[in-house]
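Two complexes, one shared chain (subunit A), two partners (subunit B, subunit C).
Now for the complex of A and B:
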C-alpha cells in the first residue's frame, strides 16, 4: 500500500487518452454511418427503409456490453474471426453510435415539413441541394440537444471497454484505488474528470443551438 | 401555340378520380383564374402543371414541352414555372435575402456579387425592400406571402402558378397580396390562379375557369360568366360565394 500521490494523478490522466480515443473513433466512423442510416430510413424505397430500421432495432436492443463481448469474444467462436481488441471495440462503439445517432437524426429530418422539400424542388433545386441547404440545417438544429446528450452517454459508455483490457479512465480508477486503498478519493476524482469532459460539450451545444436559431 | 396546353388529363389518387379529362389552353400574358368547390380538382390541376403530380393519362405541355415528373430537364423547367403556395413555405432558417437568392445562386442564374441587388429588386416589386434582412418569422402572414412571391420572381419565371395564396391569411392581410399580384398581371406575367377571391377573379382575370367534379364545367370572360352562368352548378357556386 502507498499513499495517493502525483503518480496516481498522472496515471488517471494518462488513461484519459483511451477514453478520448474511443469517443473520437466512435464518432469518426459512427457519424457517417449514422447519416447513411438516417437517409435510408427516410428513403422512398420501402426495402431500404425496412432494412435500415431492422439494423437499428437489432443494435439498439443489444446492451453495449453485449456488443463488446460479441465482437471480441463471440466472433472467434461463431465466425472463427479473431480481431485485435482495438478493432473489436472500435466496431462495437461505431455501430452503437451509428444506431443511436442515426435514429436521432432521422427524427430531426422528419421533423422538417415535407413542404420544405417541395418548396426547394419548385425553385429548380436538385434533391441534394434541397437536403444540403434547406432540410439538413433545420434538422441539425432540431437534433442538436439529443445528439450532444448521446455524446455525453458515449463518453461515459467508454468505461465498458475496460472489460476488454483497455485501461481507460474507469479502469485506471480501479487500479489506483486498489493500489492506494483510497477508493473514495480516487472515484471522486474519476467522476470529476468525467464531469469536466462532459460539461463543456453541453455548454457548447447550448451556445450552438442559440447561434443556429438566428431568428430568436 | 398556347403557353400551356392541357389535353384530356386524368388523375387518380387511390380510388378517387380527381381529374376526369381536363382540357385547357392558356395563352402567353393571360391571367386565368380557376374557381370551384373544394375537391373539384383545381389544386391538383395546378400541381400537375408544375409536375409536382404526374398525370395518369392525357398530356400537359408548357412552351411546347411535355410535362411529367420524370422529364429530363425537370429542374430547368421548374426554374421557368414559379409556384406560390397557400402556406408560403419560406425557409425559416434563412433571412429574407437568402430565401430569395438561394435558388438563383445554386442554379447558377446569377453571380454572388449581384445577389443582393436581385433580392432588393424583387423585394421592391412586392413592396418589402426594407425587410431584406428580416427573418421570416418576424413578418406577418401577408408579408411572408409577398416574400414567397418575390422568391419566385427572382427566378424570372415565364409562368406563375398561385395555389390559394390568400386562403391562410387574416382578412385584413389579403389585400396587400392581391395588390402585388395585380401589379404582376399588369406587367404581362402569365398567371394561373386557384382562388376563392371572387373580387380578384372578377376584376383582374382575363378568363374564369369553373371546375366541378374533376372537369372544366364552364369557362369564359369574368363579366359574362358572373352575369350569365350557363350551368346551374356555376350559378349556385356564385350564389354561395357571395
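Now for the complex of A and C:
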C-alpha cells in the first residue's frame, strides 16, 4: 500500500489517450457507416429500408457491454484467426456509433421537406447533387446538436472497454484505487475528468440547439 | 461453435433475467420519482434548489454510469454506508435514470403552451383541474416516447451492475463462461436474451402508447 501521489495523477491522465483513441476510432469508422445506414433508411427500395432498420434495431437492443464481449470473443470464431483486442473493440464501438448516429442523421434527413428534393430535380441536379448541395447542408444543421450529444454518450461508453482490460481512464482508476486504497479520491478524480470532457460538449450541443430554435 | 453445453444453465439464465428485470423496474420507478421531484423543483421558486437540481443533472449525465456504480459500491463504504451489490446498483442506476427523467418530464411540461393554461383558467377551472385535465394528458403523451426509450436504455445499462457482482444476467454470463469455457456462445446467447427483452418492452410500450394516447393529435 502506498499513498496517492503525483505518479497516480499522471497515470490517470496518460490513460486518457486510450479513451480519446477509442472515441476517435469509433467516430472515424462509425460515421461513414452511419451515413450509409441513414441513406439506406430513406432509400426508395423497401427491402433496403427494412434491412437497415433491422440492423439498427438489433444493435440498439443489445447492451454495449454485450456487443463488446460478442466481438471480443466472436472475431476469432468468425475469422478463424486471433485478432488483436483493439480490432474487436473498434468493431463493436463502430457498430454502436453507426447505429445511433445513423438514426440521428436519418431524422435530420427526413426533417428536410420532400419538396426540396423535387426542387433540386427540377433544376436538373442528379440525385447525388440534390443530396450533396441541397439536403445534406440543411440536414447537417438540424442533426448537429444530437450528434454532439451522442459524442458524450460515446465518451462515457468507452469506459466499458475497461472491462475487457483496456487501460483507459476507468481502468486506470481501478488500478490506482486498488494500489492506493483511496477509492474516494481516485474515483472522484476519474469522474471529474470525464465530467470535464463531457460537460463542454453537452453545453455546446445545447447552445447549438437553442440557436436552431431561434432561427425557425 | 457449440451451444449445447449451455443448455443445462437455462435456470441460471432465467434467474439472471429476473434479477435484471427487477433492477430495471426498481431503478425506473425510483428514477421517475426523482424525475418528477426534480422537474417540480426546476419549476419552483427556490433558486438554490433549482441550481442544486441543475448540478445533479449535469453531474450524472456527464459521467459514465460505470463510474457511478463504482462510486456507490466502493466509495460510500468509506463513509460508513456499505450497500450490497444489488442495492448499490439500484441506487446508482436510479440516480442515473433520474437525471435523464428530470429533463424529459420538464420538457413534457414545457411543451404545453401557456395560452392553454390561461384558457383553462378562463373557463373557471381550479389550479388542480387545469393541471389534471389540460397540462397532464398532453404532457404525458409528449414525454412518453422519451421515457420509454430511456427505459430500454436503462434495461441494457443494468448489464454494468455485473461489474460489482450483482447477480443479474450479465454476471450469470460470466459464471456460465467460467464453467463451460464457451465464451463466444455464452455472450451470443446473452445478447439474444437482452435483445428479446428489449424488443418485448418496445412492443409493449408501443401497444400501451397506442391505447392510452388514442385521442386525435393536433393538425
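Observations
The criterion applied here is as follows: the second predicted complex is superposed on the first by the 191 of 216 C-alpha atoms of A that agree within 3 Å, B and C clash if a C-alpha of one lies under 4 Å from a C-alpha of the other, contacts with A are read in each partner's own complex, and residues count from 1 in each chain.
What we mean here is this: a contact is a pair of C-beta atoms (placed from the backbone, for glycine too) under 8 Å apart; a residue touches a chain by one contact, two chains touch by 3 or more.
Given the structure is predicted, the values throughout are model-derived calculations rather than measurements.
With both structures placed on the common chain, the touch criterion links A:191 to subunit C but leaves subunit B unconnected. Once the two complexes are overlaid on the shared chain, A:126 sits against subunit B while remaining clear of subunit C.
In the superposition on chain A, contact of A:141 is made with subunit B only, not with subunit C.
In the superposed model, A:73 lies in contact with subunit C only, and not with subunit B.
Shared-chain residue A:163: touches subunit C; no touch with subunit B.
Which of subunit B and subunit C touches more residues of subunit A is settled by the count: it is C.
After overlaying the two complexes on the shared chain, residue contacts for A:173 are found with subunit C alone; subunit B is out of touch.
Contact with neither subunit B nor subunit C is seen for A:114 once the two complexes are overlaid on the shared chain.
Of the two partner chains, neither subunit B nor subunit C is touched by A:3. Across the complex, subunit B is touched by residues 113, 115-116, 118-126, 129, 133-134, 137-138, 141, 212, 214-215 of subunit A.
Subunit A contributes residues 57-58, 60-67, 69-70, 73-74, 76-77, 152, 156-157, 159-160, 162-163, 170, 173-174, 177, 183-184, 187-188, 190-191, 194-195, 198-199, 202 to its touches with subunit C in the complex. By the touch criterion stated above, subunit C contacts subunit A in their complex at residues 1, 58-59, 61-68, 70-71, 74-75, 78, 152, 156-157, 159-160, 162-163, 170, 173, 183-184, 187-188, 190-191, 194-195, 198-199, 202.
Subunit B meets subunit A in the complex at residues 50, 52, 75-79, 82-83, 85, 87, 89-93, 95, 102-103, 106-107, 135-138, 151-152, 155.
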